[in-house]
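Naming follows writing order (A, B, C and D), and every chain is counted from residue 1.
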Amino acid sequence: MECTERQIAALDLVCSPRTEVLNLIRNVVTTVSREAGFGPDDTSQIEISVDEACTNVIRHAYTGYPKGADDPGQVALRVQICPMADRMAITVIDQGRRTSCEAFRGIASLEEYIAQPQAHHGLGSYIISRFMDKVEYHSSPETGTVLVMVKYRRSTEETAP
Amino acid sequence: MECTERQIAALDLVCSPRTEVLNLIRNVVTTVSREAGFGPDDTSQIEISVDEACTNVIRHAYTGYPKGADDPGQVALRVQICPMADRMAITVIDQGRRTSCEAFRGIASLEEYIAQPQAHHGLGSYIISRFMDKVEYHSSPETGTVLVMVKYRRSTEETAP
Amino acid sequence: MKPFELLEGQPAGGDRYIGLTLKGYLDAHTVTEFESHMDRSIEQGGRRYLLDVSELSYISSAGIGALMGLTQRLRREQGELVLLRPNEKVFKILEKLGFTKIFRLAWTREEGERMLGV
Amino acid sequence: MKPFELLEGQPAGGDRYIGLTLKGYLDAHTVTEFESHMDRSIEQGGRRYLLDVSELSYISSAGIGALMGLTQRLRREQGELVLLRPNEKVFKILEKLGFTKIFRLAWTREEGERMLGV
């Protein structure tokens, strides 16, 4: 795992890229976040951000992935959770179809989202960038697609509008 | 991870062998167990069994492990959780001091436990063998000490006395 | 608890509006069931909906997108969707993203009915 | 919620017995605090304890071992330890292991006081 900093635990979830796993992933992330001392608001923002990242992997990276196939060793959605002293880092990794950094960015504002005529897109990435303090996206044939999200622990729960 | 069977998720926790991590491990295991469809009684039995296995690693395998050292990459307590269709397998791994299969067995009955004059020992292993359906213990310099515990999902929650 | 449940007509709004209750979580997994239910209901003529979300424990962009699509579709047809009593967690997420200014939220059934114009 | 809390003397039993409340979880991490508190208390002459465990959410062998040691030590000195109102989860674990036959359990304060002989 990519957790080089001092910490007392690191988690690695290897899942089938199916929407069925989202609830488990959310529950585990929420558990770790609370245990790491994040308040309910921050925990809820981490929860939805991780969900969005995983949903993207299932929907975009592994589009057409057969529903019945169940071998996470082969076609996997990986979530690594590293609670650290002052922050939590969550890395979402896939080996599926890669996309450009630009496509990943999603919408820039809510206005852009509303203006879309029919199906609404780009909200997932927007949520991640709004709620997480640091987001890094890179993709290569060797590493697969790696999304690193970091949230810092605030002493008091305050959230900018 | 040692999960070769069909399943939709597998978890790997790498922790510092400190008692501080027990609550996190319990919470994660409990979350996965519930999500995998185990009822409250079975979940509670899985929870305490995993706690006992991890406590043993911290207390016995890593006795004297310095409290301040925090590098799970080096001196790690590893917990792998594999929810499967009909059961849940949990593997606890350490690279610490090894013990014999016999020592690990603990007490054979509660009477033996009570008869001990002062400090009480062996209850942890007893709990694991009482509450889990299958327990395998092996230890070698290559693999470290590996404890595999399996609990089957019952259709209804019934528990033998 | 079931992960997701959609109950219709309890309590019903007569033929003035359709009362629905959404329970559990609305994510990429459960949203398809919600969307197809709503599609059928609108095809059968539904235009005004009071959606009790007080027992909705979680919503992701998939769920928000579905509510957004519904809202715009119903408004085009002079209908409306009102969300009744989101819990604190769901409300805070919607608020921080700006959706409390887009969706119509009510805190009592009466307020919701007023918003639906019934 | 704090992971572990030990509150003494509320409500107190006068000098007839010591009332304690144990909250949170009693595992290998928190047991040392519990044991040293009890050691001090017994050294100061405590012999009869009513331990309210109704808010104890979890106990492992470390905690059970501590209660076992306490029970045997107090009985040797004509004292007693009574556990008041374990929750269902803790009770079931103790029961399945056979400890409900070893520990004294009470479901009301009055019953506990009777068991302590006060």
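To be clear about the criterion, contacts are C-beta pairs under 8 Å (C-beta built on N, C-alpha and C of every residue); 3 or more make two chains touch, one makes a residue touch a chain.
All values reported here derive from a predicted model rather than from experimental measurement.
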If you take the mean of the Cα atoms for each chain, which one ends up farthest from chain B?
C
Can you give the whole-Å distance between the Cα centres of chain B and chain C?
44
Centroid spacing, where centroids are CA-atom means, of chain A and chain C in whole angstrom:
26
Indicate the residues of chain D shared as contacts by at least two other chains.
none
Two-or-more-chain contact residues of chain A, please, as numbers and ranges.
20, 23
Report the complete set of touching chain pairs.
A-B, A-C, B-D
List the residues on chain C that touch chain A in their complex, please.
3, 25, 27-29, 58, 60-62, 64-65, 68-69, 89, 92-93, 96-99, 102
Residues of chain B touching chain A in the complex
1, 6-16, 18, 20-21, 23-25, 27-28, 31-32, 35, 70-72
In the complex, the residues of chain B that touch chain D are 19-20, 22-23, 26, 40-41, 44-45, 47-48, 51-52, 55, 58-59, 110, 113-114, 118-120, 123-124, 126-127, 130-131, 159, 161
